[in-house]
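Taking it in order: structure first as structure tokens, then the write-up.
As written, the chains take the letters A, B and C, and residue 1 is the first residue of each chain.
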Amino acid sequence: MSAPLAALDAQTIVDAIGLGAVYALMAVGIGLVFGVLRLVNFAYGQLVMVGAYTLAFTSHWPVAAGIAACFAVVVALSIVMDRVLFRPLRGQSPAVMLVATFAVAFMLQAAALLVDIRDGTIGEIAGSIASFNRAIVVGGVEVRKITIAAVIVAAVALGLLALLLARTTIGLHMRAAATDFGTARLLGVRANRVIGLAVVLSGVLAATVAVILTVQNPFVGPDFALRETIVVLVGVVVGGIDRLWTATLGGFAIGFATGVINGVLPTDKSVYLPSAVFALVILVLLVRPAGLFAWGRAAAERV
Amino acid sequence: MRRSLDALVQVLGPAALVVAVGFGATRVGRATEIYFLDALVSVAIVVALYVFIGNSGVLSFGQLSFVAVGAFAAGVTTIPLDSKTNVLPQLVPVLRDHTIGNVPSLLLGAAVGGVFAFLVGMPLMRLSGLAAGIATFAVLEITHNVLREWNKIGPGATTLSLVPETTGPLQATIGALVAIAAAFAYQRSRLGRQLRATREDPAAARGVGVNVHRQRLWSFTLSGALAGFAGGMLVHELGSITIEQVYLELTFLTLAMLVVGGVSSLWGAVVGALAVSGLNSFLIEAEQGVDVGVTLDLPTGTRLIILGGLMALVLILRPSGLTGGREFRLPGRRRLAEAG
Amino acid sequence: MLEVDGLEVRYGAVPAVRNLSLSVAESEIVGLIGPNGAGKSTTLHAITGLTPAYAGDVRLDGRSILGLAPEAIARAGVALVPEGRRIFADFTVEENLRLGLAARRDGDGRGALAEAFELFPVLREFRRRSAGALSGGQQQQLAIGRALVAGPRVLLLDEPSLGLAPTVVDGVFDALVRIRERGVTIVLVEQRAQRTVALADRTEVLANGELRMTLGPKDAGDTARMVAAYLSA
């Protein structure tokens, strides 16, 4: 007799919210670049990976310096990716862009392996910030400090981004570029500025995710965040990649759902968890190809 | 008369290349032979991918699911009976107690791949673009998960071994030729032409009565059958298989082979498969130290970097691929060759 | 002031515009008419950098602007009101107008908006409304206003009367006259030949990618001449 489903308790929900928050941040990073470049960056997870490695290699530095280094390196890499990869690929077919960014993803992973393995083992430890992983107990539920931090950081980051997009001129330009780039340029919107900002913000978000994930799991390997990136990508498309908020919601939803299912399914049944999740994904896409949360003028043609 | 000649040339080009590689496989030592065989099996897989992706213009990440089920089916049913119960104790009786021959196992692989593709394609072929990409990726994930966990029908997470290594130069060459012939026959047929019409302009194609969903389904099914067949070839080449070998890395590799070669032509599929496979093999050798006049000894792990970098470079500089998406034609022929 | 010199635009191997030369002087209203597919929109797209030119040149005040990015051309003082208006339906009227400020060279955004509101009072009335809620005529006014807030030297309009009722078109054309009075040069591409010929200082007829003849306002009543112009393809 297999174990019954565990009751949905507060612990599971809290952990699921934390996971959802992190996935939401990644979703925004992916969605921002897609919005202005119409490009799905398969190598996005590698930005997070590089951030994690930076934290690992600067483990002996003071924490703040290590985090600053992480941000610097990831944003720089994001900018380089745009110059070297995105720019030449602009306007190409989705298949070409997909495979090219896919190729870069594998390339960066292999490069990380090369650097990592010099000391003979795979994996580095990001020790200095692991201390944030301790838990506090709130109302009988063990909440890790980092989960609280993740939710707060995600909320603040998303709030700031929403303000930027809604209230500032450059935000207006970005929104216009994401809606109709050609007309936006016609009106004087500087393509390179808008794309540059999207790329930098995307990098900042990736660095943030790197910090949060490394605290939760200090063991950094070349496939760090690979699984998460794939899941987030799926979540973004399921949510609706065409608008930033539907993409974010999709990322959060798939993170939350994964957390809940993980907590509720008994261990012997949960080997088929990926199948359940992906079957659900297919179902959603069949019913609403433009995304679960997309409505009205479906942008299904766009993609 | 001219058009038939052009068409014949279009298929003879890739075929001749494949035969040359097959012939080369017989001339080299055992250690190097495997690279030639790898190349030929890659051709079969990539041609299978091309049959759907190239003709429909829809990107699918899931075709390796059919390679996987084909490989597993062909492998499980050809393990010698006396070893089977030891190697796969959990197998259901119908699989455990029976064994079939080499060629039947390839046909079984094709059948399983084709049926699976048909069932998956029925709902999925309504999708396009990014939704299709993600949905087919989900199929890959589900297949990987199920095959990994379900040890009643296969090895599960363990390695399936003791499979007869019947894919030598002859089988590999013939297999690749079969794939090429099938792909070519399809793209010249009315079905293939109708599908290609939907690739250029779906609305216009619908306007003249082409049933987009049905045409994609046929193509997807054929692609699945060829992929399953290629899976059978693969498992008989390696003599073993694990589910990880037909998952993400091979998906990336074969997709890249297709796009680098040129996604919209059969010639592109074959050229891409051979070129990238050849490079991959060379780099594997180079990582262990190879003599090309000077000794080249690459550090471990540079292979994927170089491969990935080179592929990205080709796509940046020549997005239509090495062949420009055109079919093979003899030099000096002025006419722009198109498939079908 | 705006000079198009031997412009040729190709789609693939097919020339859509051939050897087109056109000179527009300051504060002129120049009309460009012709049958469907004649290349009128293509010409405007080439001038504003949306479409690459195969040969020829486009000069603003003697300086070549061919090959510049669309946003650079916009900032140089060439504004396009595109075919179909292409307003951002999900943004408010005010946001649409503020977008137009992207090409403005001096920073006087507020003054520019005030001018636009003066010209098209309905825009002030609906400034906080979603642009998609506006009627066709109002959206046309928004599209023109949006182009104007950039403070352009030259205003190009691509079939502004498309889909609009005659009285609404009257309003639009009246606005063009007032815009010209503010010193803006206008190039008006239209299908409604008669009104364009009547309004413009001169009207060029484009057919099959080539300029065929020039009409003046006095030709507006001459149906035979108009028909001949169109059929001279």
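Just so we're on the same page, a contact is a pair of C-beta atoms (placed from the backbone, for glycine too) under 8 Å apart; a residue touches a chain by one contact, two chains touch by 3 or more.
Predicted model only: the values in this text are computed from it and were never measured.
Think of each touching pair as a link: the shortest run of links from subunit A to subunit C has 1 of them. Ranked by how close its C-alpha mean sits to the mean of all protein C-alpha atoms, the top chain is A.
With each centre defined as the average position of its C-alpha atoms, the distance from subunit A to subunit C rounds to 43 Å. Each chain gets a centre from the mean of its Cα atoms; for subunit B and subunit C, those two points are 53 Å apart.
Centre-to-centre spacing of subunit A and subunit B amounts to 31 Å, using the average Cα coordinate of each chain. Not a single residue in subunit B touches at least two other chains.
Residue positions of subunit C with contacts to 2 or more other chains are absent.
Per the touch definition, subunit C reaches subunit A in the complex via residues 48, 50, 69-71, 74-75, 80, 82, 86, 88, 90-91, 95, 98-104, 146-147, 150. Residues 53, 59, 123-124, 126-131, 133-135, 137-139, 141-142, 144-146, 149, 249, 252, 255-256, 259, 263, 299-305, 307-309, 311-312, 315-316, 319 of subunit B touch subunit A in their complex.
Of all residues in subunit A, only 40, 85, 88-89, 92-96, 98-100, 102-107, 109-111, 113-114, 117, 233-234, 237-238, 241, 271-272, 274-275, 278-279, 281-282, 285-286, 289-290, 300, 303 touch subunit B in the complex they form.
On subunit A, the positions that touch subunit C within their shared complex are 169, 172-173, 175-176, 179-180, 182-191.
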